[in-house]
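Below you'll find the structure, written out as structure tokens, and then a few comments.
For reference, chains read A, B, C, D and E in written order, and residue numbers begin at 1 within each chain.
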Amino acid sequence: MPISYYIILSVALFCIGVVGVLTRRNAIIIFMCIELMLNAANLLLVAFSKMHHLALGLNFPTLASEAQVFVFFIMVVAAAEVSVGLAIIVMIYRNIHSVDINFLNRLKN
Amino acid sequence: MFGNYITIPHLLIFIPLITGLLTFFIKKDSSAKAWSLFSAILTFVVSFTSLLYSKDAALSGLTFNYEWLKFIGASFSVGLDGTGRLLTLLTAIAFPLIMVATYKTNYKNAAAFYGLMLLSQAGLMGVFLSLDALLFYFFWELALIPVYFLCSRWGGEKRIQATFKFFVYTFAGSLLMLVGIIYTYLQTKGTPYAEHSFSISAFHTVMLSAADQSWLFWLFFAAFAIKMPVFPFHTWQPDAYEQSPTAVTMVLSGIMVKMGLFGVIRWLLPVFPLAAIQYDNIVIGLSVIGIIYASLVAIKQDDLKRLVAYSSIAHIGLMSAALFTTKPVAIEGVMIQMFSHGINIIGLWIVIDLLEKQLGVRRISQLGGVAHKAPFLTIALLVIAFANIALPLTNAFVGELMMFNGLFQFNKWYAAVAGISIILAAVYMLNMIKNVFLGEANTLTQTVKEISLNEKIVLSVILVAIFMVGIYPQPFFDLTKESVTYITTKLK
Amino acid sequence: MSVTQILFWFLSLLAIGGAVMVVASRNPVHSILYLIITFFAISGHYVLLNAQFLAIVNIIVYAGAIMVLFLFVVMLMNLNAESEPPSKSKYLLYSGVIAGCSLLLIMVAAIKKSDAASQLTQLKDGEVGLISNLGKTLFTDFVFPFEISSVLFLSAMIGAVIISKKETGTETENL
Amino acid sequence: MVGIIGSAVILGSFILSLYAFMQVKSGNTHIAHYFNFINTESLKIGFDFQVDQLSSIFLLIITGVGFLIHVYSTSYMHEEESKDFAKYFAYLNLFVFSMLLLVMGANYIIMFIGWEGVGLCSYLLIGFWFKNNHYNDAAKKAFVMNRIGDLGFLLAVFWLVSKLGTANYTDVFANVKNLTATDITGITLLLFLGATGKSAQIPLYTWLPDAMAGPTPVSALIHAATMVTAGIYMIARSNILFTMAEVTQPVIAMVGLATALLAATIALKQNDIKKVLAYSTVSQLGYMFLGLGVGAYTGAVFHVMTHAFFKALLFLGAGSVIHAMGGEQDMRNMGGLKKYMSITHLTFLLGCIAIAGIPPFSGFFSKDEILAAAFAKNPVYWVLGVLGALMTAFYMFRLYAMTFRGQFRGTHEQAHHLHESPAAITIPLSILAILAVVGGLVGIPAVFKEGGHRLEAFLQPIFAGSNDYIKAKGHSHHLSHSTEYILMAVSVLGALIALGYAWSKFSKYQKAAAEEETGLAKVLANKWYVDELYNSIIVKPVQSLGTFFNNVVEKRGIDGIVNGVGRAVNYGSRQIRLLQSGQIGTYVLLMIIGALLLFIIQLFV
Amino acid sequence: MNAIILTAVWGIIMMFGGVFFKRKSTALYWAVAGIVLVLAANFYELVNQQPFIEINVREMLHFNSFNLTFITVALASTLLYFLLSGRDIEKVGSNVSEYFALIFFVLCGVCISATFNTLLTLFLGIEIMSIPLYILTGSDKRNLKSNEAALKYFLMGSFSTGIMLMGIVFVYGGNSAGSFFIDNINLGEGKLPVLVAIGLVLLMVSMAFKVSAAPFHFWTPDVYDGAPTVFTSFMATIVKAAGFIAFIRLFEYGFGKAQTQWQVLIAIITAATLFIGNLTAVFQQSVKRMLAYSSIAQAGFMLLAIFALNDIAKEGLVLYTAAYSLASIGIFAILIRMNDYTVDGFNGLARQQPLLAAAATICLLSLTGIPLTAGFTSKFFMLLAAVKNGHHLWLVIFAVLCAAVSAYYYFRVIQAMYFKEPGADVIINGVTPAFKYLLVIVAALIIILGLFPGAITNWLHY
């Protein structure tokens, strides 16, 4: 399976995530789109790892596994971010009873 | 001399610096005044002694060198050559004069005022003494900052904008110069510690292609042209002079504008000789335009300070034009003229200040007939004014004679056009004399009183200087001979 | 066309379709559900790439923990389609879509003309993705990041706590 | 007291210059080097004094006439309060100092120092009564116009220095041959410009009549006898240059002639006694330049001398009249003063005859010498010159007749204290009168007495160079005696006729109720409107140019640009900060666009 | 290494401290003690070039005198920051010791991202740095501005994290070595593979975001403005500096050899940053917001180091971070205590608190880059490096012109302090003698660094 397929797939996912961030105004949805972007990265990372494994696996057996461990760490970070992010969103909601980012424009210019 | 660590250059820089810093902590205004005056006089004495060593007046003259930033080849090296000695002398003479002349004016929070004055003196000294490009830039800025505070704290009502314009203008210029310095620095040969060096010798021996020179020249010229100022970079000057307190105006116009000329003499011409010759026509053309332009504008001024400001622009224009002719006679003329112009213009300011202190106005149209009540003041003013328009046997005559001479050698027509300014100068000066001092006294000027003793003394000192230089200028030529020959050989 | 290829195409379409729906659907709850679908598709890809460990973790952590957390929050705020009324000015929407698409376009165009594109990736076989290997790597080579990420969690934990703790006092300004 | 000191000093210098004159006469001229004024590689100016025939003559004139006028002043100025009295003498002595500097300097720079010094003194003395702003304006005018001339002088000097590297007379005149024709033409023209300024020639003469604002002795000393002749001295001094300047000489001659005629015509219609004398001075100076222009340097110097005598005499006489009339200067209010002030009248009459050029009075010899030379050069010069002479005779006797003859036309209280002036005034008058009568005898032309022209003989060394040059060129044709006789006869006869006409016309002069001048007369009375012309073509434009620069170019133009930059920054700031809309969407969008940009540059450029 | 461990450990200590400390002030003392300890330990490591305990990190971190010096600088500035503004941290909210704990964690992140050697540790470091900051930004919970800032910061921050990850992935995929180690991905002068090129751009974007370089700076003004001023001060100085160190480290070791291929990008970013930062700052009325923009402008100057990428650039960067942190911490410390954050709020400060005004002036002059202050020396180094690099001289000219503009807004504050009449009776409160002395020390340090930059740069060659 040519790597380009995977690249395009995950780039597509990534860009969809970007579009989401650009177009939606619900903080939670935006956040989800960001998660989507992260996952796109993960997917591509795994694909690349297997690609490198195919290329150099004989000389460096453990080489490709690094990438997958990296994915693992990404998930870790994502989890941490989510906990903080949702906390912030909840805090906002507590104060203005909305998560619409358009209501957040006290800071400008 | 006095051992290896305290040389005259150091004293010249550090006496005002340290005393100035101390001044901030003086509580009583009067004692602050006295203290700063004392320090200024001390500096004068030192710089006067420096004249005794005028034999070894090469750039390596009374130098001292301390590896300051070894790893980039910058060093705290200061020294006195002829030019430096001349201008440090001017600075050293000017400050006591200024302080005595304005001794009566009570600036509120005097400690700060005089402290800043002394700091600016230190900065000026540094500019004239530094033999290291980076150090030069350092002092170049340091001289500016105290003046900025002085003007915008104690100045007139539009002071803040005026001063700020002045500041940003010069700051921008000097930053461009900084880029120029850096680029040139990267072309220099190294020191034992660093691959390049900021020392003046390295700069003067740097090998720059004509192409490089032709754009570096403008980076440096921007800074100097703004400082001098050369038309059309002059518009900060009248406002600044008008707004700042007279004592500071004296520093600005008497000494600070010389920084620009000095920069040209010490850095621009020797480092970029090719460009200097390549662009001489542009620069001289600008200067000559500036001379006529400023003289014409001066004719229409009603505010005494603005009048003097524009006349100063005209004179400086002549000096810069003369410098770029690169004719030795012209450069000698500039040397002596830098000194004379400083003395004359300070004299003019003193007179104006005395009038303003008594009558509270500077508008020519509101004055008249002062001569009846204050003959001494009038006579002093007459002498200074005629010195300012370069009447023979006054100091300015010698300089202008030689500068015009050089300009003529460079190109007859420049000399002819610039020469018109001596007529225009007569026009605006005599107008001023007529409308302020002659004629019938009006209700306001009825109240004028003759000036006090110490003011008389100050003015007499200035008159003496005027005639001394005007009748026997030779010592100054001897003083600056080496530097002039040095530059002219550089420009060969 | 082999089974794997069929699977690949199916999963890809599923993932992209889900992703699009996440962005498109008005109702947050639906978005979340679509996102979960996408994640499942991606996990499927992991399986396809023979990275079982990640596939499992992805399902547990993402589809399981994280998305549930999201869902929970959304439910808590009981957000629905009305919570985000379509904004008057559509320019941001269009420009956003255009920008995203052109980003995609540029990247794809770049990749197309790159030689790396032709490189193959390894599907079913290849042992790297197995827990045993990963575990070994993780606890030998990657022990330091593993430890240090605890700091991350600590700070996240503290953060979550102090953010959501009830503060006494009224609205303050300019601190 | 002050007066005595002042006068005594000048007397002393007169005695010294007599001594110097004797020395020179016995043939040892001297150049004294005092110290280096400027001494650098590129320019060497010594503070040197030179005493030779030319300068010694001028020394005598200056100190002699100067002394007499000092004496005169002691009485004339005694109404001034002591402070101003002292100031007056200070200025006067300063003037004599600068004048001596001018004539004794051994190089052009020293001469220039004196040159501007006398200008300064004339400025100070014209504006002596500085309460009156018209006087101040007159003073300013004088100084500025002199400055214009000075510029020419300076440029000429620069030219010399840049070509020959020196300004010393001896070196310059020795190396004249190294100068190209253009150099010489340029230099001489510029020098001549300087001369026109100082010696009140077209186009820079208008300051001199206004300069009469000063005290009358000042007019006598500075604006008649000495300062205004500086230009002649300078050209005579550098005669060799001018002799070699083929182009310049005619110019000088014509300008001189034109000035002589113009001033004479104006003088015809002036009623202010001092104004008449002023214009006559301008006109006489014109003659001197005519002489210089035609190469009659001796004649010019000779005329300087005689003119110094009789013009000083006339001015002082006028002063004594004005004194008697209590400051009245309008001749229409005078008349019949003959019987009140006999000495003044007599001396004045002698002066008039002298200037009218009636033999054997001094004016005749000098003027005749110039005219003869003019004829030799070009008869047209001579004709016009004689015309001028006639006018001179006419207006001088118009002046004399209106003042001393006929009935007194002044007010009664004026009539009351009409009196002869004190000795301090009359003695100088008498001495000058004697000089005016006999002064011409030092230059008796060859036609009467071979070698009678002692002055020429005396000055011979100065003009030797020129004469040799002319000889070399070979066009130095002398007039035959007969022609000379005819010429003299014609001019003298004309002068007598004009004189008689004036006498008959004005000796019975009565003040008409309202004499409204018309046509040419009006033009003359208004001095050909030259002042107005200058005002409108030079002064006004300069002023308005200044206004334009000050209000438009400076404020809107240059400063506008500078401030414009500042305003632009402000404006830009106000606009750019609107990017910061506060919307995350916008932010991310801009970020993405930025990223896109980078991608394009990185991947496709 | 010492620093990383100790900060982490001390963070935990502070965290538990929250339970035990009776009085708020205790937390501050402990925090100061901790930072001093860490500083000492790190300095020890800098001098001896080895930590207390060797931990085999498998080359994932790399310590050299450069980044150790930087860490020292960062810790030292943190110490000053604690001393100057510690009291104000207590005012933010009830749980002080947790704030300190978070700050220590941030410092841990700073140390990691200054010493990272693989893209993984870079990623972790940046995250450890960012996540606590999201919280600190929002720590003033009742203040809507603070909330808003927190959310903006969080959303955009994690967005940039996504971009960074994508970049890392592409770089990983693109280099045939298939490794995350930055010196393995350094491919040499040859034309970069497209994948790596894409990754490079993405990484550049995300790093530019972290150091708030235009056009990725938009979060900065809002976040700095909204966050509690104490934490703004911390974010704007130490954290941003760390970002730069990471930036230059990544691009020097990771892509240094291929610099010519991406230099123009940095040039553009730099120009844009200078332009927008300086120009927008001119019009700001609130000093706090003005400082936010000025921090962008300063970032523009620091970017010159990454543009130049030579030894002088690195020396200059460390110097710059020191100078900039000192000045900003000083000026912020004063700002925090002001009643009124607008420029007019400073009117006549010189009359009431001459010493404070003088210190503030020196800080501002340093930020403007006037000689004798550290600000000048560091700017000078930057220009020197950029000119030495030799390409794109227009950028240098542009930079100095922008510096001239910067005088405009810094001097507005000086003018307000010295040349305007005071409005309110008391314009600043909580000025203890200790505070004054500390400010004097800060000012003195600025001057000393301005005269003897060797004091820092020499350590780089230690």
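Rule of thumb we're sticking to: contacts are C-beta pairs under 8 Å (C-beta built on N, C-alpha and C of every residue); 3 or more make two chains touch, one makes a residue touch a chain.
For clarity, every value in this text was computed on a predicted model and none was experimentally measured.
K.L.:
Identify the chains in contact with chain C as well as chain E, in label order.
P.N.:
A, D
K.L.:
Which chain's centre, taken as the mean of its Cα atoms, is farthest from the centre of chain D?
P.N.:
C
K.L.:
Averaging the CA atoms per chain, pick out the one whose centre lands closest to the mean of every protein CA shown.
P.N.:
That would be chain B.
K.L.:
Please compute the C-alpha centroid of chain A, do the same for chain D, then give the distance between them in whole Å.
P.N.:
98
K.L.:
From the C-alpha centre of chain C to that of chain D, how far is it in Å?
P.N.:
It comes to 102 Å between the two C-alpha centres.
K.L.:
Between chain B and chain D, what's the gap in Å when you average each chain's C-alpha atoms?
P.N.:
39
K.L.:
Calculate how many whole Å lie between the centre of chain A and the centre of chain E, each centre taken as the average of the chain's C-alpha atoms.
P.N.:
Inter-chain centre distance comes to 26 Å.
K.L.:
Which parts of chain B, given as residue numbers and ranges, touch two or more other chains?
P.N.:
Residue numbers touching two or more other chains: 168.
K.L.:
Going through chain C residue by residue, note those that touch at least 2 other chains and give them in order.
P.N.:
If we look for residues of chain C contacting two or more partner chains, we find 92, 95-96, 99-100, 103, 107, 110-111, 116, 141-142, 145, 149, 152, 155-156, 159, 163.
K.L.:
Two-or-more-chain contact residues of chain A, please, as numbers and ranges.
P.N.:
Within chain A, residues 3, 7, 17-18, 21-23, 25, 30-31, 47-49, 51, 55, 64, 66, 73, 77, 80-81, 84, 88-89, 91, 101-102, 104, 106-108 contact more than one other chain.
K.L.:
If we use the touch criterion from the header, which chain pairs count as touching?
P.N.:
Those chain pairs satisfying the definition are A-C, A-D, A-E, B-D, B-E, C-D, C-E, D-E.
K.L.:
Report the residues of chain A in contact with chain D in the complex, numbered from low to high.
P.N.:
18, 21-23, 25, 30, 101-102, 104-109
K.L.:
Could you list, by residue number, the parts of chain D that touch chain C in their complex?
P.N.:
Residue list for chain D touching chain C: 583, 585-586, 589, 592-593, 595-596, 599-600, 603-604.
K.L.:
Which positions of chain A touch chain E when the two form their complex?
P.N.:
Residues 3, 7, 14, 17, 21, 27, 30-31, 34, 37-38, 40-41, 44-45, 47-49, 51-52, 55-56, 60, 63-64, 66-67, 70, 73-74, 77, 80-81, 84-85, 88-89, 91-92, 95-96, 101, 104, 106-108 of chain A touch chain E in their complex.
K.L.:
Taking the touch rule as given, give the residues of chain C at its contact with chain A in the complex, in rising order.
P.N.:
On the chain C side, the touching residues are 4-5, 8, 12, 15-16, 19-20, 22-23, 28, 31-32, 35, 38-39, 42, 45-46, 49-51, 53-54, 57-58, 61-62, 65-66, 69-70, 73-74, 76-77, 79, 83-84, 87, 92-93, 95-97, 99-101, 103-104, 107-108, 111-112, 116-123, 126, 128-129, 133-134, 136-138, 141-142, 145, 149, 152-153, 155-157, 159-160, 163-164.
K.L.:
List the residues on chain C that touch chain E in their complex, please.
P.N.:
So the residues of chain C in touch with chain E come to 107, 110-111, 113-116, 141-145, 148-149, 151-152, 154-156, 158-159, 161-163, 165, 167-175.
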